[in-house]
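Two complexes are shown next, each including subunit A; its partner changes from subunit B in the first to subunit C in the second.
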Partner chain A sequence: HGIKRTKVDAAAIAARREKEKEKLRAYLESEKEILDLKEANEWSEAALQLTEQFLNTNPEHYTIWNYRRDIFTKLVFVSWTPEDAYQRLVLDLRFTTSALKRYPKVYWIWNHRRWCLENTPSGPGTEPDSKGEEGIDGWEMAVWSQEVLLVEKMLSLDERNFHAWDYRRYILSHCPPSLRRSDADELAYTTRRIEKNHSNFSAWHQRSLVYTSLWKEDPSQRAPALDQEFELVKNALWMAPDDQSGWLYHRWLVGSGDDVTILEKEIGVIEELLEVEPESRWTLDTLVYYKRLLMKHRSEQGKRQLVEECRRSLETLCRIDPMRRRRYEDIGKRILEAYSYNVAYNIQGATL
Partner chain B sequence: MANATTDAASDTSTLAIPVHVSYIQKLGESQDDLMYHLTSHLRLNAVYWGLTALCVMKHKEALEREQLIEFVMSCWDEKAGAFGAHPRHDAHILPTLSGIQILVMLDALDRLDAERVISFIFSLQSPTGSFSGDRFGETDTRFCYCAVSALSLLGVLDRLDKDRVVGYIRRCKNFDGGYGSDVGGESHASQVFTCVGALAILDRLDEVDSETLAWWLSERQLPNGGLNGRPEKLEDVCYSFWVLSSLSILRKMTWIDGSALERFILSAQDMEAGGIADRPGDMPDVWHTLFGVAGLSLLGYPGLEDLDPVYCMPTDVIERRGLRKAWLALPRREM
Partner chain C sequence: MSDQAIVPDRQQQLPIYAKAHISSAIRFLRQGLPRTGIDNDQARLVIGFYCLATLDILDALESASSESEKEGWRSWIWAQQIRGIWGSGFRGSPGAATNQPASSEYDPPFLIMTYAALLSLAILRDPLTQLDREGLRKYLKISQREDGSFKLFPTSEEYDLRMTYCAFSICSMLDDWSSINIPSAVTFIQSCRTYEGGYGQEPNNEAHGGSTYCALASLHLVPPSSNYAGSSALLTPAQHAQTTRWLLHCQDASETGGGFAGRTNKVQDACYCFWCGASLDILGMAQVVNADANASFLLECQFRFGGIRKDRVSNPDPYHTYLALASLNILSKDTTNPPFEEALDPLWNARASTQLWLKQRLHATPATAAPA
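This part shows the complex of A and B:
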């Protein structure tokens, strides 16, 4: 991905191949040597060394990562002292850290890190903590606390690296209890990321996860949180109305539109924005969406009014966003069909 | 003043099939290239991408059938009972699906020890309904799709506890109607494809928030006509498949501008060396070549073979196995 094309002629290609010839020979020889050892079931320190050198050149060779892990399982964890095994794992983590700096999106490297964490041997305990929590020893603590730091470093380099976000979620849900973040901490983290860059969809997504879990546990928390969230996202919408992140999050907050007070209030907020930017397509699209939800709360006359408003907005949308014209036309058709059905059968509150 | 050669090289208004066919044929000849060997962990997948692209361009015969089958079988990991990406590489579900797909397209499934592969696939399923890639346990919705697709191509989907898989996919659904790599993963077009594709195979598209997701997908189209994979990211030809196939399965391909996308894909061609790149001006590769022509096929580009968006394989192959679902692509235009 993302490699610029350069005009190369046959002579240039031949020259490059000549240069690479030795490198290639050495690479293939090394690969063959390692795979021969693997197939002969050799679990030795020498083999471990060879795999490390090789993976430094090509960290995407998953079969050789597999072999390395098997050597750990069959040699290191079996015949070495726990202390030596632990030190060896720490070195592996360091090795993957430098590999990730060069290749931040290679699945195989992230996988190996997880494996190292999950296979950290039990080590000498630290002072038992005040809660007397079990299973936390000095080695586990050292290793897991490093991970939180690493993942924050990776995210500061690239806020949209989903490998790093996935890994962060994994760390926070599997680390020793004393290292876990509270929901409030996690929300604060996402707030910082969002305030730094409103266009950080990954942070908005993370926020939606924290709340989903919070509200599932305690539904009474939802109402008070909503006020705060609407404020937060309103800022984002005003600062960057052309950015998708805030709009998607806003729609999620509004939800099914069963709460007519929230719905009316937020429609008001969006209409204010529309006054300032009358041809902002996300604003228009969102208004149509919310007005459709509003229809179920309205009488026949109110519905008719909303249908007309939607029709006009959709017309504008077709004009300013011709690429997605068919979508707007489809939505318009649906609204009309549902409304006509409503009128014909005198049905209240039908979903449009 | 521009000469005829320059004009020809920069005129990307049509799909240069002969030059792409030749590009694919030459891929196996790069044995002296270090980069060729550095990507051996993708080799079997790459053969599937190349073969499928050839089928779509109606040049299936450009690669020799028996040679292909031999290569596929040389990737068999006898210990695990499945395919690795390359001879001597360990079995993994990604190349295993590719191996099966190639054998199906070449009508050579009889070469496979199907029961062993089926065992391998089931050994990767967790109680939560998710699938790992191999014995080391990496979980990803990609592997879920691979498992469901592979089992369906082998005709043994009935052995799967479908509800369990559907339950897992449901938990991967996000606030925007999209799907991520695992529970809690951010929505991403390629993962949307894997989840929607798997649900299509399992006849459970009722699980999808169709309107919300189709909207999210339609918003992948950027002003230059290309598609991106998630909000605020760059366009990339491979999303011409991931996004488009998902829209096709949801029967809402008209929600994007097909002509603009077509022009974008065509502009990413390398008219001299052949192949299609991720975007205009970049180096082509076989991955983008496949997904570029796959996108064009779904868009109804003339002269191409019909492609099934659920399986990313020719429709006639899928129909013959009775696996066709109710997706909708744009009608094929006349030359």
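This part shows the complex of A and C:
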């Protein structure tokens, strides 16, 4: 009984090994066939088919992606009608869509999509030009608007895929002007993603990017936006005080702490939260950080008070977040050192 | 209160299964990867580097391989040095080799492979006389873009902090920074910094452990004597504090934690134990890390029969194997009984003797004294 089982297992293992060997052999043979065609400067549809099959197995083979694009450049765009070339590109986009589902993080696939978009020929349809003649960007509009949908689909499958976020930023900045999203639209998109899942840090991050560029263009927009953002993030913090995303965003909003009104107000907001969740790590950690920023606005006595509050918070932190105990002890030491230095040399606003 | 008590069920840390990892690394070097590793075929050189570095860090290269084997590996690596219109560098494998003129568009040198090649050759104690230094300088120059970043290969659309780190490392190895524009490279690095305190791979990306390491190591590799005007490459005290904070909070504090995650709100992964751990070491904050918890996690990621996984369930691979060991090395070097023969230099990601070899072979005025 035991012997028979061993025999079967050995046979099964040997069979599996043979299968593996065969797969490897087929792979290497396919690779050689394609590279030989490339060597011979073969630019044909048949070669295109071969590369597609191969890339389904190994999408990281950058040389064969290159060869594929060369076939487009030397055959499709040269000898085919624009209509046929366009249809072929659409097929390529479809091919990479299914490849991305299996390999959502492979650079070469994302790059190939970019290339397809950028090489879409002008085609009939959509907006007439200034002379009232038929539009020439129908094909571009079709492929680019597809892209926006695709990348949003990818993001709903994996909201943290930074390749997809990157690609989204690329699409929105390079697509035909009529497809561009306004900043308001983009903010609304991030709001939807955040409402769906507060710990979608990538959505918070994207939000910060939109605002950064908005405020660079028009600094007057910053103050009113801040009010709204503090409200938004306060909700997130109350709903999920253990989630880092909202806390980091909050810190970004507070910035350097030069605006003492904002600083005092937000410290108040967070102390409210602390009453409800007295042992929340982020809450305490953030409070210590903000109180350190506040010290530069305070007199000697005010500073002393804050130092004491920080000391107590850090003590609690050592207890509830022992993993980072040494960090909190380190911070405590630095606060004390800076404060003593302050006192000894009567220095205002020394960095703590 | 000792750190060990923080994770109460892990009183006994597992040992490092050194023999198993050594035989695993040797097996990959001799036979290649299984079919599941097909998508790494173009990157053979860097996979080889992770295997060689594993042997180096475990002090096993001498005993585990013969001289003729090492000679074979050295020859294979040199066969990937290609010269052409873009200067000289190394490619990842001969998979793209053609009859066309060397380093055509199809077969360019890769910055990451060039970096890995030099370290691998140093580990193998190659005299490095076959290195085309002139070509390498030309290649570095061509690889840099106007915004200061470096391209993966000359016609590539990819340019991010990984390539910056490789370029800076290569300059350090050569002790020759003449072919790159340091100020613009530093500007690019700084433009990758996020409000979280870490550095994204490219501007606008989220902070990421790997690119944070690349940024910090690069900034600290810049020779202080370099004559470029403008602000210092290093972090301000406020930035230092913020980056330290972000890195430390990447450490998973749950009961089954101890390892580091790579981005905000992501899960722990053995490779980030190096990227984040070494970053903290570069910032001089390694003593603040809970090294015991980190070690507990990594040791549990080991596969009993060789290799280290990114977590407790995936398959092991050479990349995670080496980086896990490197993390253990970096975070244990100041303890009383470090389990490794030699400490890794966190900027070069190489052990001291390998670093010395490179300096002696490639620097104009080689260091003859033992490294500091």
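We adopt the following convention: the second predicted complex is superposed on the first by the 325 of 352 C-alpha atoms of A that agree within 3 Å, B and C clash if a C-alpha of one lies under 4 Å from a C-alpha of the other, contacts with A are read in each partner's own complex, and residues count from 1 in each chain.
Here is the rule we use: a residue touches a chain if its C-beta (ideal position, glycine included) is under 8 Å from a C-beta of that chain, and two chains touch if they have at least 3 such contacts.
Here the structure is a predicted model, which is why all the values come from computation and not from measurement.
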item	value
Room on subunit A for both subunit B and subunit C (clash or fit)	clash
Which superposed partner A:R324 touches (first subunit B, second subunit C, both, neither)	both
First (subunit B), second (subunit C), both or neither touched by A:R17	first
Partner chain in contact with A:N66 - subunit B first, subunit C second, else both or neither	both
Partner chain in contact with A:H205 - subunit B first, subunit C second, else both or neither	both
Common interface residues of subunit A - those touching subunit B in one complex and subunit C in the other	20, 23-24, 27, 31, 35, 39, 58, 60-63, 66, 107, 111, 114, 160, 162, 165-166, 169, 199, 201-202, 205, 208-209, 243-245, 248, 252, 322-327, 330
In the complex, subunit B residues that touch subunit A	32-34, 37-41, 84-85, 88-90, 92, 134, 136, 138, 140, 174-176, 180-182, 184-188, 214-216, 218-219, 221, 223, 225, 230-233, 236, 252, 254-257, 260, 270, 277-278, 281-284
Contact set on subunit A toward subunit C in their complex	20, 23-24, 27, 31, 35, 38-39, 57-63, 66-67, 106-107, 111, 114, 160, 162, 165-166, 169, 199, 201-202, 205, 208-209, 243-245, 248, 251-252, 321-327, 330, 351
Subunit A - residues contacting subunit B, complex	1-5, 17, 20-21, 23-24, 27-28, 31, 35, 39, 58, 60-63, 66, 69, 107, 111, 114-115, 160, 162, 165-166, 169, 199, 201-202, 205, 208-209, 212, 243-245, 248-249, 252, 322-327, 330
Residues of subunit C defined as touching subunit A within the complex	1, 3, 6, 34-35, 38-43, 95-96, 98-100, 105-107, 157-158, 194-196, 201-202, 204-206, 208, 237-238, 244-245, 248-249, 251, 253, 257-258, 263-266, 287-290, 293
